[in-house]
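Sending over a structure as structure tokens; questions will come in a sec.
Letters A, B, C, D, E and F mark the chains as written, and numbering starts fresh at 1 in each.
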Amino acid sequence: MRPSGRQIDEMRPISIETGVTRHAEGSCLIRCGDTHVLCTASIEDRPPPFLRNTGLGWVTAEYGMLPRATHTRMRREAKNGQSGRTQEIQRLIGRSLRAGVDRVALGERQITIDCDVIQADGGTRCAAITGGWVALRLAVNKMLKAGDVVSDPIVDHVAAVSCGVYAGQPVVDLDYPEDSEAGVDGNFVMTGTGRLIEVQMSAEGATFSRDEMGTLLDLAGQGTALLVEAQKAAVA
Amino acid sequence: MRPSGRQIDEMRPISIETGVTRHAEGSCLIRCGDTHVLCTASIEDRPPPFLRNTGLGWVTAEYGMLPRATHTRMRREAKNGQSGRTQEIQRLIGRSLRAGVDRVALGERQITIDCDVIQADGGTRCAAITGGWVALRLAVNKMLKAGDVVSDPIVDHVAAVSCGVYAGQPVVDLDYPEDSEAGVDGNFVMTGTGRLIEVQMSAEGATFSRDEMGTLLDLAGQGTALLVEAQKAAVA
Amino acid sequence: MRPSGRQIDEMRPISIETGVTRHAEGSCLIRCGDTHVLCTASIEDRPPPFLRNTGLGWVTAEYGMLPRATHTRMRREAKNGQSGRTQEIQRLIGRSLRAGVDRVALGERQITIDCDVIQADGGTRCAAITGGWVALRLAVNKMLKAGDVVSDPIVDHVAAVSCGVYAGQPVVDLDYPEDSEAGVDGNFVMTGTGRLIEVQMSAEGATFSRDEMGTLLDLAGQGTALLVEAQKAAVA
Amino acid sequence: MRPSGRQIDEMRPISIETGVTRHAEGSCLIRCGDTHVLCTASIEDRPPPFLRNTGLGWVTAEYGMLPRATHTRMRREAKNGQSGRTQEIQRLIGRSLRAGVDRVALGERQITIDCDVIQADGGTRCAAITGGWVALRLAVNKMLKAGDVVSDPIVDHVAAVSCGVYAGQPVVDLDYPEDSEAGVDGNFVMTGTGRLIEVQMSAEGATFSRDEMGTLLDLAGQGTALLVEAQKAAVA
Amino acid sequence: MRPSGRQIDEMRPISIETGVTRHAEGSCLIRCGDTHVLCTASIEDRPPPFLRNTGLGWVTAEYGMLPRATHTRMRREAKNGQSGRTQEIQRLIGRSLRAGVDRVALGERQITIDCDVIQADGGTRCAAITGGWVALRLAVNKMLKAGDVVSDPIVDHVAAVSCGVYAGQPVVDLDYPEDSEAGVDGNFVMTGTGRLIEVQMSAEGATFSRDEMGTLLDLAGQGTALLVEAQKAAVA
Amino acid sequence: MRPSGRQIDEMRPISIETGVTRHAEGSCLIRCGDTHVLCTASIEDRPPPFLRNTGLGWVTAEYGMLPRATHTRMRREAKNGQSGRTQEIQRLIGRSLRAGVDRVALGERQITIDCDVIQADGGTRCAAITGGWVALRLAVNKMLKAGDVVSDPIVDHVAAVSCGVYAGQPVVDLDYPEDSEAGVDGNFVMTGTGRLIEVQMSAEGATFSRDEMGTLLDLAGQGTALLVEAQKAAVA
């Protein structure tokens, strides 16, 4: 029934390749099916201005899509400025990752997670969160090894998956053909222990019930658990 | 326990004054406690370019805040461009209102809902959705009366409320002192029949369980029911 | 003869409601007929950079119009940047109000007057100046009461009215139907003692004589005297 | 008494050199003392969009200052965008020149007057108007000669001068040292027959009486008469 | 003597992997040592506006660098606009590739080559040209196969290499440590038959003789010959 | 054979008029045939931020073209931002002039060379470099005279000329009719002793051989020698 032939609760194949760029403190290329996102973590020894002399650190994110990551070429944001959608996504990524970080333990530093979509097939923001966490983890490992931080500022995994109602059926991990048809869909960001960080469900020209929402949350819980396993394997 | 002395499930006083500006096809000033938003609906007889010759109409929204709507004066967006937050909010308002509209019945037209915050005390995006629906309803009434549309393109009410966890307690309709302290909060957009349109829950530096989410959904259901009553009274 | 049925020297009804927003140090909603402008004064304890260590204060203004303040919806300046007209108007408001202020007595502070047009029917810049002075007066009263300034930095009232030649007749306080037809019109900013601060007369596709200019100045003198009375009543 | 040793009613030496650039349909370099402005007129055979199919033409102006036209180098507007001051000035120039043009006789065309300040010593906008008229006159002469227009669309001269109160004395044609000290100053745009087109008087931190205004108007009338003579000589 | 231990005339290892993204009509990932550039070709069936109804096609290029492609993270151009350097580079890439294309044979189409630097170690613009040609070749192959073009619009290979004077020695294919130290360097774009398309030599704080220039041209000729071989192998 | 009737190796008449503006530390108006560029040098006593406390000075350049310097009026860059072409040119001018300057002898200062094209007929960037050097020389002379620098920071002349292949013939100093037809052209920046600073050869839709390049370099050497003579005469 799904265009890809997947089961309702079947995730796309997940692959997380680490150490893919030479300069970043942490990096990975995450592939969720045909959605490929390059994630890098860059450490700066100064916090952003609003945190000077607070003892707190910051994790922020920026998101971009290569112009031909999509079926039809999109205009390059460097020429036209970031769209509202892009800004919304990068705010979500940053907020999600901060939920898994102890900012006191991090100290007065800033880590910027860059998530650049090389190829898009739906679910890019979720892949960016899941891969972004891996880049962050690797960068923090380097700091721990170098003794730059004493206790580990990362308190839990952070992973995300999209779920939605496609052709009347709740499904997990929507690809682009599903995403563009779904009346209701959502992004679910969860921790390694299954707690929720962010739920963004929206309906374009449709509505949904609490029961449907419950089913999607169930699917999301199973999906993110698999993503957390993939993260563990990647950073091992 | 709440700074305002309200009960956990107690909404702020709601007032919706209609016909407040002379030029707009529909308008209201909605007051949710000390949050005051001026909402106007403007009808254009042409749809946006991407809908030409589709037979479909469009409802969109723009959001702004007067510089001194807030405790400390904010920079004027006309001088600096719209922030990511503003763009995110106006996309939400438009998407929410479209969920209550039959775009075929609307025909090839565009209705723009302008939501300008005159005074802010938390929950401005929710007040904008609730008041925006009233402006939209009044503008559509005018079209129905003039015979510009044959069947009513509005299929249901759309109203929104914020809920969150403040001082460990789930509460409804957060004001600014609560909003700035809450680790978890969300915006819930619902129809007049209690179905969900949009759920946006997020945690800044915290996480939440499905049970907590359920409690917030309960509060939101009760809150939006009251808002729908206020909408009915306003457009009667 | 005038579209509104007013006499040649008849002003529109003036109403100035103070204390209309909760956060600003001073505020009013001024109504000159169907032109409604919300004016707020915001005090900052630091002067702008070019006045550091000079002992002088500064009064500046920003002006905006809600998109549907006008008959046809205008594009939102937050999306497109401030037009030349907007910048010209806000420079005029600031310059006019500074003429009524002793900047030594004000001390190294900045007061920003925000003038936002809620509904427009001609003469918005004049209403903004007249209402802006009230917001400024109220903010300064608060400073005097708190002992933040010792002597009153406000030396005189500042009020403004437009006059023009409509259908061959000099008239005072043009509304939009007159303004859009007048070949010659001007804005006159005056003090409470009847001295001039700013005269901006211009002709679009027409010219005028010194005699006509004299008549308009007479009308402006009478008009601003009435506005000053309204200011006195409002701040009493 | 004046820094330059000039009499109160003494204009700076005026020189208008025509035909200074090869490509423009009309051009001149106007020198009012040490203020030098290059003015060109460019004819386009299409009117601006808002005048299509109206039978009317348009005259518009753009104004710029070379970065080192001034004592201290200013930032280049091509890098930072046009300031509010620049936009205000170019709107004034266009409006002033249109007052001397019969837009029906001009027909559906646009003439753009570019005024670029090569060297500044006060009064640049007035020099731009006076020189801009000469460029316009020359371009229209070319059209008349070529038979592109049948009757002359220029109905009168347009010239401008600044006057102000310097050291307590009303003076004409302020140079930069006077302009930067004057509490009250104004720009006066007049026709060849002595009628007024635009009066812009303003006071920075001061006020003025109607009598003072009258004296400045007298000075302006004498000054623009001389400028009109210079225009006549230049285009003869 | 070279930091990498390479011989004076030794190129870095070249690898060109094709078909790396699913959506683009042609794509490759080119690696010149540690400089990695992703190149995609996107075909549009309409030419740019200035070529409508001319029978001619167009090839253009856009260039970008991921923020952490470099040793220190750079600001994201989507947030700040394209730098002068970026614009200069993408103009060079487009001009270079057009030199190898018969625009009549291409017909009224536009092909956009996107070159995004994944990892930078000097010579990114040269790698972009060399890889961009491969993406272009593959996209044109697809058009030939589909019968969209009748005769092959590609007339020759286009490849580029940088050469410069490092530590007093002329060297080929500078990496970043060399590039940042070289007083004289240049980019040489050549065809498959060894003709020149573009030579850009510049000296920052130094000068060079014609003899030195000759030596660099010799090195460039050998280097681009190797690159052309790699192109041939990649598209075979 | 050349549209102007010039010989293949014949430069256009060169004129360099110095001291043309009153405020700049150095200035000239350079005329290469019908290409006229106003060049000014502005000294600032602070270096740019990246050179603070290095003991080094900086020379930079900005370039602009008056809208009607060209045959058809161009859009004003102050309204639209600097084009890629403009940025490329001003980077070239700055880089070229720095090659003739000893930045240690200059000390922690910045000299900005503004090059504004009054009239264009091809070769504007070359005229800007040649005239820019004269403005720089004059400004430095003033500093030497005032004792602000002890030893002369200018180490050599810098001059530039364009050469290209027009109608199959290599020619020097292309004017606009030649420039717009030439398949191959280049800009050559040289010192007073005939060494090269910058070579930028490019082909739009064509290619060239090393022999052709040699011929163009010969022509450029003779042309810049003449320009250096003109510089010497101008600053004598």
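Definition applied: contacts are C-beta pairs under 8 Å (C-beta built on N, C-alpha and C of every residue); 3 or more make two chains touch, one makes a residue touch a chain.
Predicted model, so just to flag it, every value in this text is computed and none were measured.
S.K.: Identify the chains in contact with chain B as well as chain F, in label order.
M.R.: Shared contacts of chain B and chain F: no chain.
S.K.: Give, as an integer number of Å, the spacing between the C-alpha centres of chain D and chain A.
M.R.: The mean C-alpha positions of chain A and chain D differ by 59 Å.
S.K.: Could you tell me the distance, in whole angstrom, between the mean C-alpha positions of chain B and chain D?
M.R.: Each chain's C-alpha centroid was found; their separation is 51 Å.
S.K.: Determine the centre-to-centre distance between chain D and chain F, using the mean Cα coordinates as centres, and give it in whole Å.
M.R.: Computed from C-alpha means, the inter-chain centre distance equals 33 Å.
S.K.: Which positions in chain B touch two or more other chains at once?
M.R.: 82
S.K.: Order of chains around the ring, counting from chain B in the direction of chain C?
M.R.: Listed around the ring from chain B, going to chain C first: B, C, D, F, E, A.
S.K.: For the complex, give me every residue of chain C touching chain B.
M.R.: Contact set of chain C toward chain B: 21-24, 27, 34, 38, 40, 42, 44, 62, 64, 66-71, 73, 76-79, 81-82, 86, 112, 114, 116, 118-119, 121.
S.K.: Using the touch definition up top, name the residues of chain E that touch chain F in the complex.
M.R.: 82, 84-85, 87-88, 90-91, 95, 98-99, 103, 156, 186, 191, 195-210, 213, 217
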